[in-house]
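Let me begin by presenting the structure, written as structure tokens, before commenting on it.
Note that the chains are named A, B, C and D in the order they appear, and that numbering of residues resets to 1 at the start of each chain.
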Amino acid sequence: MKNQGYYSQFGGAYIPEILASTFDELETAYIEARDDPAFWQEYLDLMSTYSCRATPITRLDNLSEQLGGASIYVKREDLNHTGAHKVNNVMGQGLLTKRMGKTRVIAETGAGQHGVATATMAAKFGFDCTIYMGAHDVARQRPNVFWMEQMGATVVAVTEGSQTLKDAINEAFRDWVTNMDDTHYALGTACGPHPFPEMVSWFQSIIGTEARQQMLDRTGVLPHRVYACVGGGSNAMGLFSGFMDDKEVELVGVEAGGRGRGSGEHAARLAYDDATIGVAQGYKTYFLQDRDGQMQDTHSVSAGLDYVGVSPILSHLHETKRVRFEAATDDDVVAAMQRTVRCEGLIPALESSHAFAQAYLEAPQMSPEENILINMSGRADKDIFTVADAIADPKWRDFIIQKAAAYQMENLNG
Amino acid sequence: MADQSKPRATPQDAPRATPQATPLEQYIRDKRAQKDLLLMTHIVLGYPSFDDSRRVVEDMVEAGVDLMELQIPFSEPMADGPVILKANAEALKAGATVEQSFELAEKLTAEFDIPFLFMTYYNILFCHGVEKFVKRCTDIGIQGCIVPDLPPSEGAEYLDAMHAANLSPVHIFTPNTTAPRMQTLDQNSAGFIYTVARKGVTGKDTEFSTDLADYLQTCREHTRLPLAVGFGVKSRGDIDFLRGKADIAVVGSETIRVLENEGVSAVKPFIESLTAA
Amino acid sequence: MKNQGYYSQFGGAYIPEILASTFDELETAYIEARDDPAFWQEYLDLMSTYSCRATPITRLDNLSEQLGGASIYVKREDLNHTGAHKVNNVMGQGLLTKRMGKTRVIAETGAGQHGVATATMAAKFGFDCTIYMGAHDVARQRPNVFWMEQMGATVVAVTEGSQTLKDAINEAFRDWVTNMDDTHYALGTACGPHPFPEMVSWFQSIIGTEARQQMLDRTGVLPHRVYACVGGGSNAMGLFSGFMDDKEVELVGVEAGGRGRGSGEHAARLAYDDATIGVAQGYKTYFLQDRDGQMQDTHSVSAGLDYVGVSPILSHLHETKRVRFEAATDDDVVAAMQRTVRCEGLIPALESSHAFAQAYLEAPQMSPEENILINMSGRADKDIFTVADAIADPKWRDFIIQKAAAYQMENLNG
Amino acid sequence: MADQSKPRATPQDAPRATPQATPLEQYIRDKRAQKDLLLMTHIVLGYPSFDDSRRVVEDMVEAGVDLMELQIPFSEPMADGPVILKANAEALKAGATVEQSFELAEKLTAEFDIPFLFMTYYNILFCHGVEKFVKRCTDIGIQGCIVPDLPPSEGAEYLDAMHAANLSPVHIFTPNTTAPRMQTLDQNSAGFIYTVARKGVTGKDTEFSTDLADYLQTCREHTRLPLAVGFGVKSRGDIDFLRGKADIAVVGSETIRVLENEGVSAVKPFIESLTAA
């Protein structure tokens, strides 16, 4: 273990001693894979046959016209197998796990998206699989739990702490420190100890590499701004990395504004002023924490952005001002989602809808000659319980109540 | 630094102080001259309350504990198992602050004549300011720190401050730790080396076996410092097993388990049951 | 209107007089589009930017090995936008609707898949949209109804007849005979009056055209057998059309065997002997009907195959023996679905799982040098209520019961 | 066939029999010589029961109806609106068969001295065997058929059999029907032409307006046969409007609605209210 994996002051690997050699092994495997062109080719082949890469770019014809400013393009990560960009990272780590000769994978999950992707990868590669998920999230996201279990994964409901994503991460580390010999921890976002932020960003860079070329092919020019939502930061890093060296392209990361600035109920680490630098979950970054360094409860309508920390690489890009950070509130996000569904027939995940909300705010101020690109990191149709609750659909409630009554009746009848 | 040319220390040897022995190391060596195995216990400050923490310390000292880890609660104790995890969470829920932990620690070091160490996660130091934290330790009589998520590679500031203050930064050997890595850790440690008897988090069972004896032998070979053994020590039998193989037995989660199941007053009899000759 | 659209004795256009000119107009528009290479190009562009065509071919590495016979490949229509092959047809008809200058689309839907696809197309093209869905299906498939409504479609619960797919079709025709001037009826499968069977098959032929080339690129040879489930027949016609002229490729259509041969509870029109030739819903084909010609109740675990009729083109291919028809029972289908999920991380729709079930039965008898191709017409993750019921998952029931209790509590509290 | 060189028929003209007039057409022309507007009603056989169907026919004939459509129920009545649709479904649910429909129809033609037509969907004929079906019609005294889902292009077998039997295959003109198409339909029809007064299925409201008058005028110009007007006729006012513009007013769904809401016994007074001079 060396002191490395820093992006200005952010990053590092603050890990229990027992994982030191596991991280050395992981880093070695990662570097060897990165330096081996055959590995990336294998990865590309897998992603183009098992998922549908390259995912397309869709122009929002109706909303571009309605909003009357920039032309809006969308990178369609929602079309991936399992419905989100998460699978890019997971399949890459699956190949790496195979390379390291390990036979079991574990992962944390918040909304369940990364859990489903990991369980899928495990089924595909024949690995044993355990997914850690906050008990609150297990209760909220049963459909995802259902599919993980169908894939053969063991889903552990984490009853510690706030029972959400960060606690699931802690619990996954606790598993790992016991089972590191045969187990790889497939962390789901560009956070955690080095080399995860860099490695996850590398796998996700497939998004940006494709998107840059696709925008050039489609419009002849680079987009003026690109938008991505930021939870841990993996989809944002994935898209942004394609445009990092194109100084003329403005990169906009959109965090969960929850109930708004000053409400204390949000997950905006970089866009608002509430976060401070700290070290937790194995890395140094901006965290929503109190003065003692205790992590605080966060809030977002989207489970996938509801997280206390953020990719150290994004904290760095925030400080260097290469990326502009904004936050979208729950209400604006739900409105942006509904608008996108109704006007374009696309169903962005609530996470992704943060990027849409910010883009819709800015597009009208831009000229029709300009193009913007939004990362649609996932689709919302798996989050129907959350979405139906967010918009308080009475018919959905009636349906659930009736369905429950039918189940209770069957239970009674044996 | 340990003189590498010396014949290997055997477990039977009473450990000798290294040239720059910290007061903590010196205490351990002195105590070991009288006792073949020391006992270190662990509590989470503010769990279930700061008053209870104080009472438990008092009981433990009376029961004959030789040194103590005081854990400053943290919201993300990634290296701790369910028992200590819960204690951390409960302490925080009851409103425990770092300042209160300092205040109680100051009282404890004044009142009781054994060394106390802080155990906590790096963010507590980082947010407080590392140098300020170490200075505060000095001021209130804390003799060492265990920071399980701070490997030496990330801990330059901390190590410099600790060494400068002649305090003991304690690091951990695990069954996975390679020989060169043990040397690095040894070089960066003072006071003693904390060896964990198995993989995993705190509070789970360890098999006290020949393997363990071999492992401890290896640890001994790679450090000049006294050896503490933790993770899973919970009975008189475990302690007897360690006698002659290590310098310090650490009882961590099991005390908290006793406290939790049988109340504060049960802690003393439990410790006495471990230490009674 | 001419006497045409026949495939040996099957097909035709048995329509109310009031639709005669509407069908003339539709047929003209269809023929013009078919003869206009720019139209197909526009269609391909749309499908490759709005959906993710070409959809990939995935090899089932684990199951090919486990079953020990032919190599199994899967055409991934599940990766399409909205999660099934239905969108191919719908987008094509959307372009045609625009060409005809109409501003409103209607559709029938069973499981809801075609309804969601049509509502999506309407949102994308800016059409008004009404979806007819049997009241039974509305109750069973609320998630799909929810999304259709979010897309701005009006979903009409059809309370007539058996309250399922065929009744929804009748009801859609009733709407059409009133509103034909501004309305196009986007029929969802290769059934109904001419030119629907041919036109829908044409749009779906994108599947087979891609798949044939992909199999050649991937394996160097044509597959020995290809499998597709058969409801109305659109995904089957889509895939089969790519191999129709390759006499050495055996085409296998798999119908809903429900509770099995002789049970009277199935929807196997061609594989079992219960169906007879009749005329209903505007076309002549094999129907599950009584001696008077009254349509009978059908049964299948998958709503999308639970239909009395079948594409007249498939009836023709059945008689000419170009396509072999089999039926898979509910139990085998659920088992095949679960096996595919667990061993490969793919989640085939219950409809598609019929094709998987039959392929799994036959693959072990084939040689490892042979390849087979299964059409994965859709994904099951939207059908979680049905799937969870089909496998009687107790945790799912508990979840729904708890969710309902929470809603009821909120209702009480205002 | 109509002689196209003749001056246009005006609605005021009493229709003249065409050369090959079927018995049905002849009946209508004869009746029209006495009455300026005939009334045709419609029932679904077996709804709510075959006994009730018989009673309703009896009442209708007594109330002065001039001819009747007897609908053989079908499970997929795609051209019918909610009222008739439900009647079809209920009849089938009660077990109605095609054979029972034949049997009742045979009794009715024997008992009542007005022409009866079958209305049903093509599958009923197809499954029975088209020629057999037409022969049966002849045998039991049915004078014509309306098969709304069988355009002439699909109906060669049916048309041949009907013409051969001198029965009347009735086709439908709609507001969408083009002039050439009207000619085709006319050429393939006998008895009368059924014009639907608006788009849509049976049982919905029609606006009885100048547009409708113009439309009927156009229909008149394109057929040599008498004109019936259906879809939405339900009141004395509607009937008065049609007088002089058509030969037959068809009351379909409204009778069933009355039957459903007020019972079998309400049908007769309802029809009387329409026909009373």
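One rule holds in what follows: a contact is a pair of C-beta atoms (placed from the backbone, for glycine too) under 8 Å apart; a residue touches a chain by one contact, two chains touch by 3 or more.
Just so you know, these numbers come straight off a predicted model, no measurement behind them.
Shared contact partners of chain B and chain C, listed by label: A. Of all chains in the assembly, none touches chain B and also chain D. Ranking every chain by how far its Cα centroid lies from the centroid of chain C, the top place goes to B. Centre-to-centre separation of chain A and chain D, using mean CA positions: 66 Å. With each centre defined as the average position of its C-alpha atoms, the distance from chain C to chain D rounds to 38 Å.
Per-chain Cα centroids separate chain A from chain C by 33 Å. Not a single residue position of chain D touches two or more of the other chains.
Contact with two or more other chains is made by no residue of chain A. Chain contacts in this assembly form an open path, with each chain touching only its neighbours along a single line. Listing the residues of chain C that touch chain D in their complex gives 1-3, 12-18, 20-22, 160-161, 166, 170, 173-174, 177-181, 276-282, 284, 287, 289, 291-295.
Across the complex, chain A is touched by residues 48-52, 55-59, 61-62, 76, 79-81, 83, 119-124, 126, 139, 142-143, 145-147, 149-152, 338, 341-347, 381-382, 384-385, 388, 393, 395-397, 399-405, 407-408, 411 of chain C.
Those residues of chain D that touch chain C in the shared complex are 74-79, 81-82, 85-86, 89, 92, 97-98, 121-124, 126-128, 148-151, 153-154, 156, 171-178, 181, 185, 196, 199-201, 204.
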